[in-house]
Amino acid sequence: MVEWLAAFWQTYNTLVYLLFTHAILALSIYITLNTGLLSVGNAAFAGIGAYTSALLTMKLDLPFPVCLAAGSAAAGLVGLAIGLPVLRLSGVYLALATLAFGEVIRVVFLNLEVTGGAMGLNGIPPKTELWHLVLVCAALIYFFERLRRSRLGRTLDAIREDEVAARVMGIDVVYYKNLVFVLGAMLAGLAGGFNAHFTFFVSPREYGFGPAVDILAFAVLGGTGSYWGPILGSTILTLLPELLRFLADFRGMVTGLVLFLVIVYLPNGLLEVPDVLRRAWRRGAKP
Amino acid sequence: MTRLVAWFSAAAVAAAALVGPLAVRPAAADVKVGIAFALSGPIAVYGTPQRNGVQLAAREINARGGINGEKLVLVIEDEQGKKEEGINVFKKLIFQDKVLAIIGPTLSNSAFAADPIANAAKVPVLGVSNTASGITDIGPYVFRNSITEADILPVVIRTVKEKRGIKKVAVMYGNDDAFTKSGYEVFRQALADNKIEVLTTETFAKGDVDFSAQLTKIRSLKPDAIVVSALAEEAANIMLQARQLGIPDSVPFIGGNGFNNPKLFEIAGKAAEGTFVGGPWSIEDKSPKNVAFVKAYTEAYGQPPDQFAAQAYDGLHIVAAAIEQAKTTSDREKVREALQNLKGFVGATGPFEFKPNRDAKQDGKVFIVKGGKFTLFTD
Amino acid sequence: MLAQQLANGIALGSVYALFALGFTLVFGVLEVINLSQGAIAMFGAFFALVAVTALGTGIYTAMALAVLGAAILGVLIDRLALAPLRARKAPHLAPMIATIGITIFLTSLAQGLFGAQVSRFPIGLVPIRIFEVGPFQVTQLQLVIVAIAAGLMVALLLLLNRTRLGTAIRAVAESPRAAALLGIDVERIYLLTAAVTGALGGAAGVLIGLSFNAISPFMGEPILLKGITVVILGGMGDPKGAMVGGVLLGLVEVLSVAYLSSDLRDAIAFGLLFLILVVRPQGLFGRRQARKA
């Protein structure tokens, strides 16, 4: 058993790391979605975190936690700067503005000298370890569990359900929107920092439109009714391509189909499956 | 909470499905070589001919009795042209399939992520299309048989300057791609070394289809030639649009490895005539090895090979030759030494050996497009 | 050089405009961001390519077939994905993600069917002829593209503004409930809108394939990003805005290459988009409140 585990770990540890970093990314978009903000700039924030922390590791050789924190903080600062103007928008306009922001950031990575342009940064020393990720994810789950029952959590729920009513009740909507936007950016930046330190390499193409959409898909596939939904969604979308390896060229078709079917037939994401099954079973039991 | 438990047990079942293949052990004596190319997604255009090339080589090797009498088995995986997938595939090949050596990945980007894995596990890896600078610096187990733009482009620029007397050029390159960007860096240096004036440097992005703005600007500057660092599809499109915009046929295009692909004429047709191309290999090369390769490939796949196929085909033959000399089915260290000391190998791309730094030691040749073919440039 | 660059910009912009028109129409009527519009354009281009190469038709017949095929595809997407979501009154995020799923599926399907490589229409399908008009040097191809794009746009405007059907579509766009009270079959209008937008997407795909010689399973994403930019420039859901915005984006891109640097082209285009969203989210010409969405 031990030998088997060791072999498994050797082969699949990157996949496991990806499960965790994707879960953090999924939570980074969940925190904004949960407040009714559709922000799809998280791939760009992940990029800022990845580049910042990787550069600090490579050029200054700072301790790993410092690099990670700096990457996360850099993403948060940029989030704060663009949050104020952008968060006045709502719905799809916010989505499109953050999408455009993401593309601008990608072009910036491409044209800066320090980020290595199209060549990206290579030779980033691997520093990410499993326990870092377990620790961070456990802390995040604890945070989201506490948030659910806290005053802050209920405030965010109120903004999501009815922004105008929340404002009338005296909630400083602008403040809370910026708060969750910056928190989302920081989480994404953290995930980006971890990712850079186990893949040896970062380049601008990893932070464009496609990855932004992937992160959104994590959250929506799993369902945003609870923070477990995005985690479930990211886990499935990360494992699916590996499980479907035998399908070769048609892998993408299955992934696309799954996403589409879930959205159309399971509006609350996969978290709803047990409920749907239970209802169907009851119907079957009492004809 | 119960539904969470249900979900996580489902995830555990899924994980078990991943692990299933671990239990299957291969027949002990087979020689296993791992192949990691981009076989889906946009990069599959290059990965597919690479897969064809290695499969053809494997059939030839097994038809003549395998390696030291053992059967050569390829384990082919799709790395999708993504860095994370590159790492995952390399780990699967190394720790699960226990391959003796790996050929791939398709892109330099993926190589920067995946090759350190092979190097740390002490598994020799041979890149057959990675041309970015710094690939073999990853470590002593990383080799490549793809000669880099740095070996080819200066030869092209020097030759064209000597034979055609070009003095001023316009430059175009894709600025969001590692391959085309590094090609540009080499061009810039070579142009400076040859004291050729650069009138303007224009860029484009992957997926761009309209180049008329850049070309109109270039037309107004009246260059002697247009130097382009791009892959064949984009280059062909640039040529077509340049001719449509009235840049005369007397202004030739100059390019490197990326141009060396039959796609260039398929797309650009007559607009590609007179283009100068640098590369290690041409489909028109009449050496017996190459004639046999082109014939076998065309028969097997119904289309002519490109440079990606040729270098992948040679790549597997190189690895097989090294394994044969190392006389092993399991000792990766011996394979590494044999690769490093490989001498006298001749493949479809001509004579080949590795430099001490494990880069390819091969001559770049200059071709000119005539009648829809790459012909060796001599006049 | 300026004159020539303006001609380039208009040719490029009219393709953007045509594509954005379908995009903006879905938004105006259905209030849905249909991210599968790029994939529809891609399939339109492939339909025409198959018609030309396998059936041996001329380009105009091929284009008609492609438009028909893309319209059917548009209807299928509406029936299979958007209609069930509408019936359930799902939040606008849902159809957007559903169309992402469809895009992934269609891209992968196209790769399986046609391969990953770049294909092109046979050379000389539209005769290569160059006209000198004053300072402009225009190819016959550019003229054909601008003419087709302009023709389709005028046809759409006439449809929207001069026919009973158009009135019904606009009524549904204003308020589906009021339209239903007036006796309009709202679902039928949705279906027709899906067909029209599919057709526009398909036509744009063929024109892109024709003008830039690059048909591939992955051609949808770049044009989708441009389409989004155009629609925001012109104002969401506003057909005239999409046309003006399309030509404007074409000109901005071409002129930034001509007079600034080609390195900055995309940064300028997306920066402009970002700026407009922040300063004037209803678009340059829009009257509608951004709040509505």
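All chains are identified by letter, namely A, B and C, in their written order; residue positions are counted from 1 within each chain.
Simple rule for what comes next: contacts are C-beta pairs under 8 Å (C-beta built on N, C-alpha and C of every residue); 3 or more make two chains touch, one makes a residue touch a chain.
Note that this is a predicted model, so its numbers are computed, not measured.
Participant: Have a look at which chains touch which and call the overall pattern line, ring, star, complete or other.
Facilitator: Topology of the interface graph: complete, with all chain pairs in contact.
Participant: Farthest from chain A by Cα centre, which chain is it? Let me know.
Facilitator: With centres defined by C-alpha atoms, farthest from chain A sits B.
Participant: Go through A-C and B-C and name the pair with more C-beta contacts between its chains.
Facilitator: Answer by contact count: A-C.
Participant: Measuring centre to centre with CA averages, how many angstrom lie between chain A and chain C?
Facilitator: The separation of the two C-alpha centroids amounts to 30 Å.
Participant: How many Å are there between the centre of chain B and the centre of chain C, using C-alpha atoms for each centre?
Facilitator: Chain centroid spacing, chain B to chain C, equals 36 Å.
Participant: Going by the contact rule already set, what residues in chain C reach two or more other chains?
Facilitator: 108, 111, 221, 263, 266
Participant: What positions in chain B touch 2 or more of the other chains?
Facilitator: In chain B, the residues touching two or more other chains are 40-41, 44, 175.
Participant: For chain A, give me the residues that contact two or more of the other chains.
Facilitator: Residue numbers touching two or more other chains: 111, 249, 251-252.
Participant: So in the complex, the part of chain A that touches chain C is made up of which residues?
Facilitator: By the definition above, chain A touches chain C via 38, 85-86, 88-93, 95-97, 99-101, 103-104, 107-108, 111, 209-210, 213, 216-217, 220, 249-253, 255-261, 263-265, 267.
Participant: So in the complex, which bits of chain B are touching chain C?
Facilitator: For chain B paired with chain C, touching residues are 40-45, 48, 175, 202-205, 207-210, 212-214, 216-217, 220, 233, 236-237, 240-241, 244-246, 263, 266-267, 269-270.
Participant: Mind listing the chain C positions that touch chain A in their complex?
Facilitator: By the definition above, chain C touches chain A via 33, 80-81, 84-85, 88, 90, 92-98, 100-109, 111-112, 221, 225, 228-229, 232, 236, 263-264, 266-267, 270-271, 273-274, 277-278, 281, 290-291, 293.
Participant: Per the contact definition, I'd like the list of chain B residues that touch chain A in the complex.
Facilitator: Going through chain B, the ones touching chain A are 2-4, 6-7, 11, 14-15, 17-19, 22, 39-41, 44, 77-78, 80, 83-85, 87-88, 91-92, 94-96, 109, 112-113, 116, 132, 134, 138, 174-178, 180-182, 206.
Participant: Can you check the complex and tell me which residues of chain C touch chain B?
Facilitator: For chain C paired with chain B, touching residues are 1, 4-5, 8-9, 11-12, 108, 111, 115-118, 120, 123, 128, 130, 137, 139, 141, 208, 211-214, 216-219, 221-222, 253-255, 257-258, 261-263, 265-266.
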